[in-house]
Amino acid sequence: MTRPDGRANDELRPTKITCGVQAFPEGSVLIETGMTRVLCAVSVEDNVPRFLRGSGQGWVTAEYAMLPRSTLTRTPRERTPRGRTQEIQRLIGRSLRAAVDLEQLGERTFTVDCDVLQADAGTRTAAITGSYVALHLAIAALVDEKQLPELPILSAIAATSVGIVDGEVLLDLCYEEDADADADFNIVMTAEGEFVEVQGTAEGIPYSRGALDNVLSAAEDGIRQLIAIQQDAIASA
Amino acid sequence: MTRPDGRANDELRPTKITCGVQAFPEGSVLIETGMTRVLCAVSVEDNVPRFLRGSGQGWVTAEYAMLPRSTLTRTPRERTPRGRTQEIQRLIGRSLRAAVDLEQLGERTFTVDCDVLQADAGTRTAAITGSYVALHLAIAALVDEKQLPELPILSAIAATSVGIVDGEVLLDLCYEEDADADADFNIVMTAEGEFVEVQGTAEGIPYSRGALDNVLSAAEDGIRQLIAIQQDAIASA
Amino acid sequence: MTRPDGRANDELRPTKITCGVQAFPEGSVLIETGMTRVLCAVSVEDNVPRFLRGSGQGWVTAEYAMLPRSTLTRTPRERTPRGRTQEIQRLIGRSLRAAVDLEQLGERTFTVDCDVLQADAGTRTAAITGSYVALHLAIAALVDEKQLPELPILSAIAATSVGIVDGEVLLDLCYEEDADADADFNIVMTAEGEFVEVQGTAEGIPYSRGALDNVLSAAEDGIRQLIAIQQDAIASA
Amino acid sequence: MTRPDGRANDELRPTKITCGVQAFPEGSVLIETGMTRVLCAVSVEDNVPRFLRGSGQGWVTAEYAMLPRSTLTRTPRERTPRGRTQEIQRLIGRSLRAAVDLEQLGERTFTVDCDVLQADAGTRTAAITGSYVALHLAIAALVDEKQLPELPILSAIAATSVGIVDGEVLLDLCYEEDADADADFNIVMTAEGEFVEVQGTAEGIPYSRGALDNVLSAAEDGIRQLIAIQQDAIASA
Amino acid sequence: MTRPDGRANDELRPTKITCGVQAFPEGSVLIETGMTRVLCAVSVEDNVPRFLRGSGQGWVTAEYAMLPRSTLTRTPRERTPRGRTQEIQRLIGRSLRAAVDLEQLGERTFTVDCDVLQADAGTRTAAITGSYVALHLAIAALVDEKQLPELPILSAIAATSVGIVDGEVLLDLCYEEDADADADFNIVMTAEGEFVEVQGTAEGIPYSRGALDNVLSAAEDGIRQLIAIQQDAIASA
Amino acid sequence: MTRPDGRANDELRPTKITCGVQAFPEGSVLIETGMTRVLCAVSVEDNVPRFLRGSGQGWVTAEYAMLPRSTLTRTPRERTPRGRTQEIQRLIGRSLRAAVDLEQLGERTFTVDCDVLQADAGTRTAAITGSYVALHLAIAALVDEKQLPELPILSAIAATSVGIVDGEVLLDLCYEEDADADADFNIVMTAEGEFVEVQGTAEGIPYSRGALDNVLSAAEDGIRQLIAIQQDAIASA
């Protein structure tokens, strides 16, 4: 089987992270993965949700939306975020909270807006990978401004998708592959190689434990490369 | 470490499935797992969502709600289902669709209402385990009425939760354990031991690949027992 | 004319009230009237609506909902309560407030959730009759815990429906009768035989003052029996 | 006890019905009862709600709203009609449907808009009394235009309120009395003296059967006078 | 070209402003312009929107709505104000704020409710012209009650519409003309002849600068007459 | 007075239009005006709103939204478009419809999504200027594909803002100037120099007819330059 864009089964799409693409956010990043493009912008506010007030602790939350024509045909704007959107928002927020030491953030909320400019599958994992960089920039700026004594980051995190298509394990699916997948995985890992999130859904055909093992190995390799790309982007920012 | 209810780490809570608890649904079941109680009711309608019209294919969808006082303190009714609710509904529906041959169902929609009467953790996995039985009853009734030639079921499915608490892998968490878990897993499997869904979230501490292996093994054991309870319930219905 | 279930015109359906059916509410009751089944759960909170703050006075309010498949065919969940639902909620709340001395309750809100598990007519009157018992249990618990000096109950209340069907006055209509009624009455009374609420609607044929007199007499008899059933339930709780 | 405006206990407020106050509706009326003023406008459309399509039968429905400053202090506009508004709308519609022979109306919907310009209690009963006239005008116009062979009206209807205040039965409460009432009744009757609707709510003190008898007698007298005012208005239109 | 109602091109429709038409508002006015009729009611509250709290400054805001049968055929009530309604509300509020010295109003909000009883074009400009009078009455009452030292009014304002129909400039369009207009203008001016708002939209055919000049001259003449009618109404109130 | 960015009073900000910035829309453009950046994407569908079905005529409509962090501080996403947003959407749609011959478009809807990536005032006029180009590209593509016989464009249109600040007329306000303006104008013109829309609002100080004349002259000059930039962008696409 040949992949539509000629990649090897364990090969990521070309991925590029550009920092500082917007003038106003405290941290902003454009991540491009193949044709997928997501703008990640971090806003910092000096207050926290009600359940954290007085705790001294910070919070990280995320919103995710697609421009109407990020997709092949036009997708109407969502007034109330649909189930899929809410799942993605919750996943991004949860993943980013695993990367930072909330107790060291102070009573601040970091809101990460992930706006998909162009969608060719893998938007949620690109959003996580890009958002980590934008969040790092925003927090580092607080350290630079002496508002935080040191960088309260526990570990870098990044994410990728893996699919089982016709029995083969493919890393970082594009849209065409995604539509055909028997099972679909989104995996978030730390730079230390531990799992923050594993989500694996059989779209058509249940998968064996052996297949799951291969999926996890492919994800580990891909995420290691993504974390290197993140580090380069942060270093050159 | 001793579990609050004295169970072994790999022991399910007492689980009971009672069929036919409501007069009107095509299939109905009360599932009790420890203190958790979920009513699962299947309604059959002779039409399908727009995207399936004319396809000859059927559909299975699920709704999930909690009675306001199923919880320790009162939870207001949701007007628009929140993110958590939508995720659960989508998970239940997806899991049930993996259990049946949609193409053999005819243009019918099976709506499964999962109403939580009492919540002590594990409501979504109890809902899946109970709903499979209610769905089986509703489909079997169609076969009895000669509306379907044979039972279009691919495999029984059941679900359980597993947690990592203080480094130990615990099967089928109760509320008290759930609140303390470092990582939380919901796993859906077939009677053949293949995975339909694996969802594993690090709530606080990322988990290693070795820990994940132990979690999967615990889930396999638990789900095997649940499938036996399902078969008994169906046999005696 | 024979009634569908063979009852005499002035005969209630078999009615049973079971206390303590849920683990968490301050008071909970399952009321069964013929095939109608309503779960009534009382939650107590230590605050009151804005218009009562600082008054020293308490409040009682009610919510009413039907499980989607409590009905013969599936009824979609209501996001915004419809007119009928709102009328019923207001009726239940108003009736219960007539039973208690709000000034002696302290600044507490008692929220009564009436969830219909199965509907065969008379759900709103069953909800009132059952909710009174659940409310009594919740208030008595506060007295037991010395949070209230004595039981601030003015009078027991109960409710039933009466219909005029083909010119005959029938007590406690079932669904089949309800659909045919020329006029439909819901009546709430105290243990002392006074009226809290009389609602009589001509669905098709206006009714004379003489017919109304007969309806009221039938309701009085029925409610006297319901109050005895309530007292037994409370005594054995 | 003297009433605030010096009326006898069984005396209506001065009531005036003016026909044709708006240029566009098929029937329109301004009803003034004391300081209460309600505009009633009937719109006729050549279709019916889904459940009546193909039945040959017509429908009458009502909407009720208050101008923000119809009240002593400003009441915000309702986006979603509140419970009270929905109850009133349902009451008006039901009452008007009792006045006409729906089967003779043809597949037409008569929508009655009752807009309260000024509110001094009794707005819902004024709306019913006024709307009957507006509906009569709209139907009579169809007869004039030979779209209907004869007037499909079963009986005139009118409505009034009665209250029990300090143990006395008072006809047609004004706002000041309404706020003090122990029990509050809205009664809709036909020209023949039969009841279409009796709604009696104890706001504070339950009422005896004897008191209810006195209330009904007062209502009968008041409604007889209102029906004469309706007839004069129709005759001079 | 003859206008439908025989007016000269630069002639206003007969316009009448009646003060004090409602009992409860602090200022109320009925404005009639041809067949168009708008009720304008001002409510004063002793607080201001959040962004003005503590500023010592007041605020003026407006709501606009049409009775369902103000129009030729019935227009359903708007739950969420549509775009057109929001534009009109914003225009009325902005125009009135230009008329008063907000800093001298104290921390009070003046809410102007403009309810269209009958619509024959020009409802938004009639609403502005009428609302100015109602607002003047409400503010003058505060001066009379010594709550304000002097009348904080900068200038009277009034508004009219102008259209270009078949190349001719017509003042104060009625519905029939409005539907045919190539371009449509709403203009708000002060008593001193300066512009508060100019809105000119080409509905079909773009307009030249020369045409715009003629439109502005026609508006100036009309508004001068409207301001005289306002002054008479205020003087005789 | 010197402008914040040193421009002459009648000088536009540097403006750049880049075509084809998104892969999927039928026409797409990024317009940059100073720091303001708007993405304009056109989607073509083969159907029209209900009121045009069967007319053979096409439709152009627009949506406008701001990314949450397009602004200096974060602006929450709008679920229901606010009044300002609705006004802008209506203005863009109306302006674009003036540019094309709807009758020659066939029964197609052109939806223009204007998403503001960065906001430094003038976003609505930039959206109009950019959208015209994107619409031109989408229509020209239909001509290229022989789906339309010839380009059904009546005239190019473009828009700019003008303000009166401290008595001076300034072309193309940036945010800092916009916040200080006494009066604010948005003007849409054709390539032939006729007006499609003039909107002039006195934010604080009413303006004279002479001032309005100067504003219109400044706008004419600016729009002439913008139309040249549009033509270059189209030519090089």
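Read from first to last, the chains carry the letters A, B, C, D, E and F; within each, the first residue is number 1.
The rule is simple: contacts are C-beta pairs under 8 Å (C-beta built on N, C-alpha and C of every residue); 3 or more make two chains touch, one makes a residue touch a chain.
The structure displayed is predicted, hence computed values, not measured ones.
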Next on the checklist: Return the chains shared as contacts by chain C and chain E, ordered by label.
Outcome noted: D
Checklist entry - By CA centroid distance, what chain is farthest from chain C? => result F
Next on the checklist: Taking the mean of the CA coordinates per chain, how far is chain B from chain D in Å?
Outcome noted: 52
Next on the checklist: I'd like to verify one number: the distance from the centre of chain A to the centre of chain F, where each centre is the average of its C-alpha atoms, in whole angstrom.
Outcome noted: 34
Item to check | Centre distance in Å when chain B and chain E are each reduced to the mean of their C-alpha atoms | outcome: 61
Checklist outcome for this item: chain E residues touching 2+ other chains are 80
Checklist outcome for this item: So, starting at chain B and moving first to chain C, the ring lists as B, C, D, E, F, A
Item to check | In the complex, chain C residues that touch chain D | outcome: 80-84, 86-87, 89-90, 94, 98, 155, 189-190, 192, 194-202, 204, 206-209, 212, 216
Item to check | chain B residues touching chain C - in the complex, by the definition given at the top | outcome: 22-25, 28, 35, 39, 41, 43, 45, 63, 65, 67-74, 77, 79-80, 111, 113, 115, 117-118
